[in-house]
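Below are two complexes that have subunit A in common, paired first with subunit B and then with subunit C.
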Partner chain A sequence: MRPPSPSLPEREFLLQALHQSLRLDGRAMLEARTPTLTFGPEMGWVDCQMGKTRVLAHTTATMVKPQPERPLEGTITIHSEISPMASSAGEYDSGRPSDEEITITRMLDKVVRRSDAVDKESLCILAGERVWALRLTIHCLADSGNLLDCACLAAIVSLRHFRRPDVEVIGSDVTVHAPTERAPVPLSIHHTPFCNTFAFFPPSPSSIAAQDSQDPLSSPLQIPILDPSHLEQRLCTGTLSIALNAQREICVLQKLGGVPLGAEEVLLAVEVAVRRAKEMNEWVDGRLREDWEGRKGSVEVR
Partner chain B sequence: MSSSSSYIVLPGETVPAQHVNLKLGPGLLQVISEISESSIISTRAGTVNHSANKSKWWVESNSKRYIPAAQESVVGIVAGKSGLDGWRVDIGSAHFAILDGLAFEGASKRNKANLKVNSLVYARVSLAHKDMEPELECFDAQTRKSAGFGELKGGFLVRCSLQMCRQLLDPKHFLLPFLGSRFPLEVAVGTNGRVWISSKEVKQTIAMTRCIEAADPAGGAMDERALKSFFNTLDL
Partner chain C sequence: MASRIEILNDGGYRSDGRRQYELRDITIDLSQQGQADGSAIITHGLTQVLVSVFGPREAKQRRETIHDRANINVEVAVAAFSTGERRKRSRGDKRILEIAAIIKSTFEPVIQTSIYPRSQIDIFVQVLQQDGGLLQACINGTTLALANAGIPLLDFVCAVTGGVHSTSPMLDLTTLEENDIPHATVAMMPRTGKVTLVTMETRLHVDRFEEIFRLAIDAGKVIHREMKIAVKGRTEALVTAMGSASKVASGGDNDELMQDY
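What follows is the complex of A and B.
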């Protein structure tokens, strides 16, 4: 059964509210929901919640023989899955992946793997013989809008939280130390990209008319909102996802939907995303430090 | 309605329901075996409740997936045409429901109701059978009057848990009388987890949406006092 589209009253009311700069959950137009991070008993186990959207990410590492063409590099594989239970509307079938699922999988790959967030060379143990293979599993448990940002945040925090066992190499002998014996080592992370999704809505008819009388050539500006809810995501004319780190380096910029956007609209979104990435970076650092302090009894810390 | 002796059951448990004129509500099933007499077992997890004279028994639980039951009012979204003069309506159940074009007040072969795809209807489930698609009607079959059913124009649709919907239908529940004392409003509560609301101002409708979500046992689960203070923080 195809997921039912939102009803006409919902569409009309949402647009009417947005034209008065009001959002249904009381947020400001460019305000995101505050995420909640819960760390599990294992390192690399992160439960990320934004409102009712919930994603679970888990990182594990195994020792494998490297690919012959890249003997000095470890590997990272990302497995993402959206549970059919994530939405009561029956949007996500178990067998066939939906368009949104494919978008999320590809975006995660770009944000986490292709932006070189993790130093793959540091995963090498013994050249050509032994490397670490990281496996990042992402379970999307509930979707109430902006699953992508939530999944990206969960993925990157999981990698930052994860610690692999310490390894000692003497000659060609590899000794793996248990976490109680020697402190596990965090992964070497180059940078932390954060994904921010904007949804765009058509401007109100009155503002179109005002724009036309002033300058008929320029198209009226679309209304941007940050961190769209489920309904907003379904009704918007297009989305723009920007993944960047606190150093203002854009990793991915992805625009979906047919709506044309001007340079100033994109730049405005990038400005907001930069500010937010800086905030998020500090916040994530703080949360990770807090969690690590709380673990001092259970693992050996040097 | 519910008595003090409500307790929790799991699916398959025997429920001591006995009465000469026993009526079973949702979540209970009569099992007839050859050796013993018939017994009543639960088919879902929840709390068992019964009426004061122990003639009506039911299991109260919360879920998001609606299972149609006859005579319940629901809010549906028209998904498309079905046949010559009918619509397929999404009521949140596993299958679409069928709404006949003649099941409206004043509808005849010549003068049929005109609904657009994606519009909202408030209807009553007229047929709910486990092996058939559910059927809806927008009038009282005896009087042929609309009795409040029909297309819902304007307003907004709030989705909540099924338990919240049932609570909103209870006249003793605090939320709707409280909101109604603050500003004029219109509400159509469906038992399928959808509530249509309408008021004059956009801000008021948003406030209603947020209050319903805050009072939902599956969401904020606020009680009367917490909700009233939450309402006062909203900018109206």
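What follows is the complex of A and C.
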């Protein structure tokens, strides 16, 4: 069953509010919800909440034999699952994955794996014999808009929070030290990409009329908003997702169809995302540091 | 790796002898393929894609109909022999499903779906050969097949890949180049110069991105010219075959209209 679309009055109300630069939840147009990160007792267990959107990420590591063609590299696998309970509208039925589900899974893969966020060679223990295989499990528990950003944040924070047991190699003997013996070591992470999603809405009819008289070919700019809520995501005419790190490098940029945008509009969104990635980077660093301070008493953490 | 290929040599040539901004040879075949209402084979260098369009027609499954517009159904299949290494990809492959989802969302706002309520337009994409720029070929091919099927579009959609080798931007990459350098695919609509699709999967600095992004938009216009010539050529051939060549000659005004943009 296709989920019922939002009603016409709902749509009208949202659009009219946006034309007056107001959003239904009281945020500014380019303001994102402040995420809440809750760390579990285990290292690598993160619960990320943005408003009512909630994603749980968990990293574990096992020792395996490496793939023969890449004897010096560890592996990362991502298992993502959107629970049918995530949305009341029944968007995520079990069975055939929906387009949205595919986009989220692929995007996570690109942001976490293909952008080389984790140094895979540092996961090697004994060349050709033993490497670490990381498994990142992502459970999307609730979707109230912008599930993608929330999932990406949870995934990357989980990897940064995770500690693997220390290993010692003498000759070809591998000794794994228990956390009580030696402090577990963090993964070596090259950079931390943050994903930002923009949703676009059509400009107000009055501005279209004003523009038309000047130049018939150039249509007025679409209204961009950052971090769309569930209703906004359902009603928007197109989205643009940008994942980038604090070093101003774009890792993934994705605008899949939807309303056509001018080059300037895309570059403006990139600018906003650059600023936000910098803020997020500091914020996440701060949260991780706080968590470590809290753990100092119980476990030794490097 | 044993011997790495040189992406751009000192003379300014790429591994296949092209210049930085040179596109690969484009061939477009719009002839009838089987039962399809419209079809196109587009070749960018060694990348070849066959797109068949069926419809607008009644949906096979009634639950897929939408009351106020046409439903677009896209299926992508990749031939096992399309890459250098023979490899069978299942239909459930995430990458293939993603390409199908991309094509669908790209063409949804471009096709005038509201003209055909409660019907379905099927787009079948068959990848015959792959040598980089797969998404670009799929999108260009779909545009042509839709035009060939006579489905009203708001504009052409022209896609190009662009990449950067250290600081020099390049266009229309082959597999060799795609594996080595960061690249983005951009699809633009030539009439307004706006972009409907941008995807980039590799790490690239913001300033460099802006450079290839603008370059790819310009290159889209070149692709558009090629596509327009092919569509006009095909239409002229059809009209002549129908024996109304004299009308075409006198209806020169309409021709001018199409040339406008």
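What we mean here is this: the second predicted complex is superposed on the first by the 299 of 302 C-alpha atoms of A that agree within 3 Å, B and C clash if a C-alpha of one lies under 4 Å from a C-alpha of the other, contacts with A are read in each partner's own complex, and residues count from 1 in each chain.
Convention: contacts are C-beta pairs under 8 Å (C-beta built on N, C-alpha and C of every residue); 3 or more make two chains touch, one makes a residue touch a chain.
Keep in mind that what you see is a predicted model, and the values were worked out from it rather than measured.
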item: Touching partner for A:99 - first (subunit B), second (subunit C), both, neither; value: second
item: First, second, both or neither for A:244, with subunit B first and subunit C second; value: second
item: Touched partner set for A:110, first subunit B, second subunit C, both or neither; value: second
item: Residue contacts on subunit A - larger count, subunit B or subunit C; value: C
item: Touching partner for A:267 - first (subunit B), second (subunit C), both, neither; value: second
item: Touched partner set for A:178, first subunit B, second subunit C, both or neither; value: neither
item: Touching partner for A:28 - first (subunit B), second (subunit C), both, neither; value: neither
item: Partner chain in contact with A:256 - subunit B first, subunit C second, else both or neither; value: second
item: Footprint overlap on subunit A, where subunit B in one structure and subunit C in the other make contact; value: 1
item: Subunit A - residues contacting subunit B, complex; value: 1, 4-13, 16-17, 20, 22, 24-26, 52, 88
item: Complex contact set, residues of subunit C against subunit A; value: 63, 94-95, 97-98, 101-102, 104-109, 184, 188-189, 191-207, 209-210, 213-214, 217
item: Residues of subunit B touching subunit A in the complex; value: 64-65, 77, 79, 90, 92, 94-96, 116, 118-120, 152-157, 196, 202-203, 205-206, 209-210, 219, 234
item: Residues of subunit A defined as touching subunit C within the complex; value: 1-2, 97, 99, 102-103, 105-106, 109-110, 114-116, 217-219, 237-238, 240, 244, 248-263, 266-267, 270, 274
